[in-house]
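What follows is a group of structures, each given as structure tokens.
Here chain A shows up in two complexes: once beside chain B, once beside chain C.
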Partner chain A sequence: MRVQVEGWHAVGTWTWNAEDDACGICRLAFDGCCPDCRIPGDDCPIVWGECSHPFHMHCIVKWIGVQGNNVQRCPMCRREWQFKSS
Partner chain B sequence: MQSSSGSNPSQVAARNCRRLQRELADLITGGIFHVEEGAAGSTRWVVKIRGAEGTFYHGEVFRLQFVFPPEYPIEAPEVVFLHPAPIHPHIYSNGHICLSILYDGGWSPALKVESVCLSILSMLSSAEAKRPPEDNDNYVRTCSSSPKKTRWVFHDNKA
Partner chain C sequence: MQRASRAQVTDKDKWNKPVGEPAKKRLRTLTNEQEPLNSSVSSSEKMETDKDGISASGRNLPSTRPQIGENRAHPKKMIISLKKEKPKLPETFEEDTWKKLKMSVHAVHREQPVEQSFEELYKAVEDLCIHKLGPNLYSRLQNDCEEHIKSEIESLVGQPDDATIFLETVEACWQKHCNQMSLIRSIFLYLDRTYVIQSSNVCSLWAMGLQSFRKHLNSAPEVQNKIVSGMLSLILQERSGDMVNRSLLRNLLRMLAQLQLYSSFETAFLADTESFYRQEGSDKLQDLDIPNYLLFVERRIEEEHDRIGHYLDIQTKKPLISKLDAQLLEAHAQTIVDKGFEILMTQHRIKDLQRLYNLLLRVNGLSNIRQAFSAYIKKTGVEIVMNDERGLEMVQDLLDFKARLDELLEQAFASNDELSHALKDAFETLINARQNKPAELIAKFVDQQLRSGGKGISEQESELILERVLILFRYLQGKDVFEAFFKKDLAKRLLLNKSASIDAEKAIISKLKQECGSSFTNKLEGMFKDMELSKDIMTAYSNSSVTSELSVHVLTTGYWPAYPPAPLNLPKEILDHQEAFEKFYLSKHQGRRLTWQNSLAHCSLKATFRPNAAGRKELLVSLYQAAVLLLFNGSDELSFSEIAGAVGMDDKELRVTLQSLACAKIKILNKSPKGRDVEDGDSFTFNSKFESKQLRIKVNSIQLKETQEENDKTTESVFQDRQYQVDAAIVRVMKARKSLSHTLLISELFKILKFPVTPPDLKKRIESLIEREYLERDRDSPSVYKYLA
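Presenting the complex of A and B:
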């Protein structure tokens, strides 16, 4: 018997490789997005600090933005916040 | 008419509504603190705190008022005791609380209503004397209605 494939639809799944399930700032799942976004994925990425704590990028940027001239600190461990270079 | 925020409870921004929903659920399952007034969509909650056994405050029940700003949790909630406030070296008789985590420089968006309540309960429990702050009368006479406008100086973590 010969089968001829006329078309196919690929379905993929993805997940962020974070140690935690949810962002420590907005408490929403990393597999979802931050409260200001609608679609998870590259437009609402997660980022890590040198201290290894992950957050939605939009959440941590908001937090470091309000700390003014003070030292920018990780919300979880209060160590100085530095983005971890990947 | 006891609220220092003055206004009626209004709807919170959609961005913090879901977080407050989760916090409310966690408080209820946690079972340590009783939410007397509050809903995920409300900007004002009242949470009951019971003095721990073996401390000066055993048998007393206090009511803590949380008012959430639109930018919560990036911005700290305003937290005060409703009358009557506990008699404590770091708690003023108008309900204002001298605790660094409640104000700029000490607040972190990783803190939650439950962790704030726990910190305050631990502050009550560690009191070494049941007395008001030394500058209570002067502070209460001159302070703003919101403790977030006070320039706090944090001396120690013992009472």
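Presenting the complex of A and C:
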């Protein structure tokens, strides 16, 4: 062996692994943040429902709040909203 | 006064004695006493008499004294004796006394010794006044004096024309008049203090003298004119640099002031001054350069102040100086500034500029200075900004220029507010005279300062420099351009660990935050946060896994500059690590996708060139270089196409990488045929004869650095971002106004947008918004837009 790897310093970038580009509620990009936040990233995360629709966490929480006592539904497919468990 | 009141007391006593007696006795004393006037013996004897008027030893009233004493004891007797006799003056009393006084007055006028003693003369006046003969005495004296003054002044008529001689004559005449009048006033003091004070429309003896002097001077206009013109010619001589008799001028001017004729001189003097300086001002401006002209003006002003101090009346000061300012400065303010300002600025002559500022400030010349100042800054600054050859030094040049101007402003212009505003405005104009480039260079300059491997300057110094750079930044309009470049450089510093000090980095971020608000620095702060998070992830990872060879920075895409995808077939050794980490990361953070930025990665390799100790080296290389080098583990010689097929890199990137390994100073690979550039048919072998004194060798990758292309990309991405800002601004305006004409919308947008835009750009964005159905054109008038809700 002439050359061996001693150390490796790598750089990776992460993005949300969502199928859509934009949040179905606020229509803002997942790469960005919801309208109430200023800084994208960990502070404004994305969540998935059992129906596998992604939203900004802040957006869907607000949406669920508006639903009141009714059954909470996904705004995209009208199925009952359940956070996808990790 | 004491003496006078005592005299009155004695007088009352005298009225108590048989009347006629005292007067007679006194007369005898006055006429008979023959001692010379200035004999001290006589006057002291007299004094004694006065003091001891009551004592028996008095020569004047030896026999009456005891009677008085008795009378006081028996007042009734005194009343009876009063009735008996009436006081009476000799007929010739007034004439005689006046004659005597007149003789002395004449003697005074002729400047001859006065025959009688002053005491005696004083007494004579006193007596006349006591007997109510004051008015007569006054008018007689007035006539006499007036006659004398008249003849004196007439003697001035027809004197030689030579100014100095004539003025000296006048001065002597005045001096004489003053001396004589003061002597006369002393003699007639009693008159001055009783009759004059008691009568309302009579002026004091001194004033009477002045009055008649003035009257006769007025009736001899030739003399008066000659005095004035004589003085003016003396002053002219002095202004031309000759020595003149200043005390002569002072005395004559005091004379005019006392005679209340000063204003006639003043008017002539000011007119003369004005024309003199008008002439001299334009002459000197022709002959002298500006600094010398200013020196000359300063000297002139000083001289005139001196003149006021020495002989002119203080009330002349204001009009005189204002004439001077008007003729020497105000009339030429523009010329002075036009001709001199720029040169002085260029040569950085603080003293001269200070003089110019102080002088022009006297005549409201500040606006002239301000214009020239700002024109100069713009001209010089734009030259610096437009200079393509200087490149990065432009920033340093600007900083030096700014520092120089600040120094001037403080030292020469007394930190004048208006001028410092002008400085700011001018800098804003000049730095934005060229689009984008200044912003880019300022960002680069900051990068240079913050990067490690410093140039031996202390932390404070570098902080000071950054502070000053930020002032330039403040003037920038294209702050987004700066941000883009700054971000790119910051990313490089952070990822390649090239930052000199994290504290300095944070300090500058917080300064930018102060300057532009947190939205400007959010992403920059996010970058620092990513660095911290990466550190945490690595700690967690190394706890869960055995490999310590790996360190990864995981970046949040939105914060960092966009990196183009860089395809690379990773060597197996690395790929395993990468996959292991990716699995670990995604298990921690769900819903994420990790993209590897190969262009930013680097490796340390252990290379064995020869089996002995000297043949083992540690190489610090980029991931690209590592990928290429690792290929040589399997084969001795590889052709370009073989390498290209194995690594799957971008062709251009591969050539650069090979060049860095085989053609630079440090040759890890041998290339055949030899040459600087990598061609398609080249083949490479591992250089087993590689020698180096160092154990750790950093192989510089041939710059991935600022190619023109990269810069253009950054600039372009800035423009892309600007489009969104323009869109947002248009929508904001239209949402508020609902409907707006094209021109109004454009002008509104110019107000809002902080970076330079052109109307065609805006038009394009409006078109695009119409397409996307944010807006529509009004059906009736196509130049009006309507907002679509």
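Quick note on the criterion: the second predicted complex is superposed on the first by the 74 of 86 C-alpha atoms of A that agree within 3 Å, B and C clash if a C-alpha of one lies under 4 Å from a C-alpha of the other, contacts with A are read in each partner's own complex, and residues count from 1 in each chain.
Heads up, the rule we're going with is that contacts are C-beta pairs under 8 Å (C-beta built on N, C-alpha and C of every residue); 3 or more make two chains touch, one makes a residue touch a chain.
Just so we're clear, the structure is a prediction, and the values are computed from it rather than from any experiment.
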_Going by the contact rule stated at the top, is it chain B or chain C that touches a larger number of residues on chain A?_
C
*Using the superposition on chain A described above, determine whether A:K62 touches chain B (first), chain C (second), both, or neither.*
first
*Now for A:V5: first (chain B), second (chain C), both, or neither, which partner does it touch?*
second
*With the two structures laid over each other on chain A, which partner does A:M76 touch: chain B (first), chain C (second), both, or neither?*
first
*Determine, under the contact definition given at the top, whether A:G24 touches first (chain B), second (chain C), both, or neither.*
first
*Of the partners chain B and chain C, which touch A:P35 in the superposed model: first, second, both, neither?*
first
*Return the residues of chain A at which the contacts from chain B and from chain C coincide.*
none
*Write out the stretch or stretches of chain A touching chain C in their complex.*
1-18, 31-32, 38-42, 45-48, 54, 86
*chain A contact footprint on chain C (complex, rising order)*: 495, 518-519, 522-523, 526, 529, 533, 549-560, 563, 571, 573-574, 577-578, 581-582, 585, 589-597, 600-609, 618-619, 623, 626, 629-630, 632-633, 686
*Touching chain A in the complex: which residues of chain B?*
14-16, 18-19, 22-23, 71, 73-75, 105, 108-110
*Quick one: in the complex, what on chain A touches chain B?*
24-28, 35-36, 59, 62-63, 66, 70, 73, 75-76, 78
